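Each in structure tokens, the structures are laid out below.
Next come two complexes built around chain A: one with chain B, the other with chain C.
Showing the complex of A and B:
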């Protein structure tokens, strides 16, 4: 029990400030990350494009077109300056910059629909095609009404009336029976892997290295306590510490679920607990090497950021290349994120798949614990 | 004596593992992670693969089937449609293998599982079909003689949009993370600046106390240390940009020497900022380093290191801040080189950096000079 108490004494005396600072900073980050994404809706909502218009024609028809497009999109006004437009397109503040050319209404009335608009483009993508489809639909409808003998203003009016008729769109919610899972809480859980790795490696490794320092270790070695008991108590101390940190993050996570976790969220909770154990096992493994505080900080950055970038914590796994994903299979965070994605994407929910991934994570913890034991034995033998 | 101090400052700087990690190794490691994570995103987001869609026929609709067949045969199709039964379609939708199910019958409807641009395009597609059907019906009801003309107008291939590229530079907006990485690495030069101040103030370090009672004029030792740190920062910036440009292969266009210039001046800005920070108050070096890290990370956050959208948001809400935020000035100078054809804005940023270096260095010297201690 003495060693157990000393573990927490060392923790409290030398590490309370970093632990509190890290936990608070990471909680702030977690909140930021969680609120960066928006919650998925349960009904179909059309994607609104940000469109900037420059109306060189300035006719009733061109204004009518802008108003009509503005009903389902955001019309953004920008200064007609190339640098301003470049900035807006580069940072995606606008999706399209469209100029309605002079003579638009006259050309439309006379049936000359060639190059009525100028689109200033930077990135290609679906937004452009979407705008293209819409304008094509609009212009061909106006032209059709004109060819049927209507004048321009009637043709525009009829087109807009016809276009206002919406298609029947149904939203298939495959996850409808489980309201406990929401996007924000799952984003919080996803970033939690980075936070657990960073907090636990930074603090736990440091504490254990402190405990293994010559003065303290020699004092313990010449006491009556057995070596195995010492190791056991260090493990016990680490487990209690890890559970405490994990528990704090779970309590905060409840803020996003408006109360106690329920349904599939328990899988996410279990997943995070196992990942906390994996992180602790990595931290204990690192502490086998007698390294200084600065090196621990470096290793924390490299391991936590590296795993997060490679395994799909910061960037969706769907956006990572095949090669990166193949390599990241050998890292625990990959399986953690996979479990999270299955829970979030309720459509492909499969409990047995989740359980097999959780076992893989446990396997990583087992490997690190085994390596720690082997390394310690090796070091003890040669010391 | 200047050269002696200069040489020893450089030696001790390069021997400091902590400094070298944060100024050289950390940006390189972070750069590798950025490259791994962001390398495919831009291509994925700007590629327009045909949208996988299932077509379920609830009733016979020959016209719609022929539209889909024609679409599948066209070269630049935006839809990859496959006829199937409802159960298979729902299974595919559930597994995310398709973006939507189009039910074709007397009425055309769409079922989707997510909200997104692909789903909106499917909606536009069926609305376009419905619209054509409605127009033809309207016209036939009014005057069947016009039907042929209307059908020909509706099926005419048009080129209504003239596309004009706004820049010939690098438009990959995920590369802005690398510009901000260079800015962060440059500003980490502040650790060296803080080191100069604390190592020259007798009340902050034992080395400072020894230096203060040595016969070397303070002006010389300070100038030597500042020049030494500029030299180290010069090397660090060159390594950082070289690694990003040649190892990570980030496209800086044909203006790479100007990118080096921006990064080097950015590094000098970091050193002078640190020198100024170090001259304020009696806090220990570690506390000042912590404070400096906090300020640098906040400035980098506001210039878009963690969230690419931050810089345009600041530009919208408080444009003046981007002009004085050193991180934004450094990253903006590299951005200007990559997207603008002219160099006006780049040189404005360069001048801003030079003024910042002069102001911070001058303030640091004013605050450090002529300090005498009765006892320590």
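Showing the complex of A and C:
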């Protein structure tokens, strides 16, 4: 037990800073994402523009247009002075200045719609483009009603009625049947793969290398403890550490599910546990190479960030190119993310598919453990 | 009659074509401070590694405490303390925790271990540094910690492989005094070094190794008796001619003399008043001389005479 105890003592004293830093940064980001995601995801807000009108026509139709636009936008009054208008546009007090030209109603009735307005705008943002589109749609609709035989007054009225109808905005819920699965918790689980890789490679590789340093191992091999017992105790320490780290992140994850995991979420929990084991296997494999702390930190960044970018942790797999996806199939994080995506996309949920992917992840762990055993044997033979 | 603690018989260890140990025979008695002396690459560390079953060997046998030593001889290993040339401690643990950990590899009982660790701390004079991280210790203190980690479990046999490399003279003396005290307390010691002065100072028996072979063994007096030289006389003197150097060379017990224009070196074998006789020759010829000193043979002279080369390059 002495070796087991020292494993954790050395681990805590020598690696608490990176463990805490990684964990805190991850949790802060996870919480930020959770809160931002929950608001931004389910909210739709119509854009309102600040518009100034100058009505040179001053007809019933032009006033009707101003009133109609004013219903969904803010009408701003400005002095009809070029400098004042330019200042207002420059300082964004108004988004656009619309002048309804004299003869608007007559030209509209006669179908001469080319120069009905003069629009001045400083910025070519999406809101001003929206106004262009709206005016075009409005005039087209009025023209269509007139063409259909209606008089101008009725055409304007019918157009405004038609354009007043708003489309209903609904947010699709991928997991209507399973309330335990939500977008936020699944994003938490997706990002978890990065943090598991980063924390476990950074700490576990380093501690195993330290415990197996030539001089340290020499001293141990000379002692009364069996070499196999020493290796077993380091292995046991690694397993307990992996489970501990995983358990802490599972507890935090429960915050996002509002309680104990349920339903399909247990697959996500199992997936994360298997991925933690895969990460540990990678860490143990790296520990075969007697490398220094700085190199381990460098390798941690390369592996964790590289795998996360290539396998769809940071960028959705649907946005990755076919070539990248084909290459990332040879990395365990790809299958981890794939399982998470299946759990999130409830309509296409297939437990057998998930289980097959979990086995693939286990296969990766097995390969790394096998490589570790072979490499250690090779090193022992030639040392 | 003293018990034999270690018996190495006909040990051969090869690395490919290189013969690292060539039919080595060594016997170490209980209570010895046994010095393994030899230049780098002579096979000292290979001998120790074979002794501890850290290396397999091609031929021969090793017995420790009357039993054959194998990698699984944990009952034997428990009675051995090893202090290597490189300091092997955990930088994350304190001085006390390090000693406690290494002692814990031998002693499971917590109370007994606590007592032993405290004793090791006191023995190595680390009382004031118990809570220090090894990173904050000086080179000498670090060596003492290394020793404390190796001896805390009170082994009957202590193996020290060049424990004073890169250590300042003050710390070196403390370490050597400590080794002698461990021996007085009943431990048998194997001490490997290429520092002949240290070996001469503390070892009761010495084996000189070269190219994997034991070329001589005995007490330091026995070793010195093996060679022709018994005294080397050095005289700072100017203007000697061939007649006078010839006269000195023909003195009884003088078997060789060298003169470089400012220093006369006279090599003697046996005889009791060699220095007086050499000085008489100089006085008789009215030769003024400066500093005069006589040296007894060292282990380096022994090594030089047996192998034809110096034990250690001049530093």
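Going forward, the second predicted complex is superposed on the first by the 255 of 383 C-alpha atoms of A that agree within 3 Å, B and C clash if a C-alpha of one lies under 4 Å from a C-alpha of the other, contacts with A are read in each partner's own complex, and residues count from 1 in each chain.
Heads up, the rule we're going with is that a residue touches a chain if its C-beta (ideal position, glycine included) is under 8 Å from a C-beta of that chain, and two chains touch if they have at least 3 such contacts.
These figures come from a predicted structure and were not determined experimentally.
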{"item": "Partner chain in contact with A:317 - chain B first, chain C second, else both or neither", "value": "neither"}
{"item": "Contacts of A:23 with chain B and chain C, given as first, second, both or neither", "value": "neither"}
{"item": "Touched partner set for A:212, first chain B, second chain C, both or neither", "value": "neither"}
{"item": "Partner chain(s) touched by A:182 [first = chain B, second = chain C, both, neither]", "value": "neither"}
{"item": "First (chain B), second (chain C), both or neither touched by A:166", "value": "first"}
{"item": "Which superposed partner A:50 touches (first chain B, second chain C, both, neither)", "value": "neither"}
{"item": "When both partners are placed on the shared chain, which of chain B and chain C touches more of chain A", "value": "B"}
{"item": "Chain A contact footprint on chain B (complex, rising order)", "value": "17-18, 21, 25-26, 29-30, 33-34, 36-42, 44-48, 78, 90, 93-96, 107-121, 123-128, 130-132, 134-135, 138-139, 142-143, 146, 149-150, 152-154, 156, 158-167, 171, 173, 176, 307-309, 311-312, 315-316, 335, 339-340, 345"}
{"item": "Chain C residues touching chain A - in the complex, by the definition given at the top", "value": "52, 54, 71, 74, 77-78, 80, 82, 84, 86-88, 90-93, 97, 101-102, 104-106, 108, 149-150"}
{"item": "Of all residues in chain A, those that touch chain B in their complex", "value": "36, 40-41, 44-47, 82-83, 85-93, 97, 113-127, 129-130, 132-137, 139-141, 143-149, 158, 162-163, 165-174, 294, 298, 301-302, 305-306, 309-310, 314-315, 319-321, 324, 345, 347-348"}
{"item": "In the complex, chain A residues that touch chain C", "value": "2-3, 6, 9-10, 13-14, 210, 213, 215-216, 218-227"}
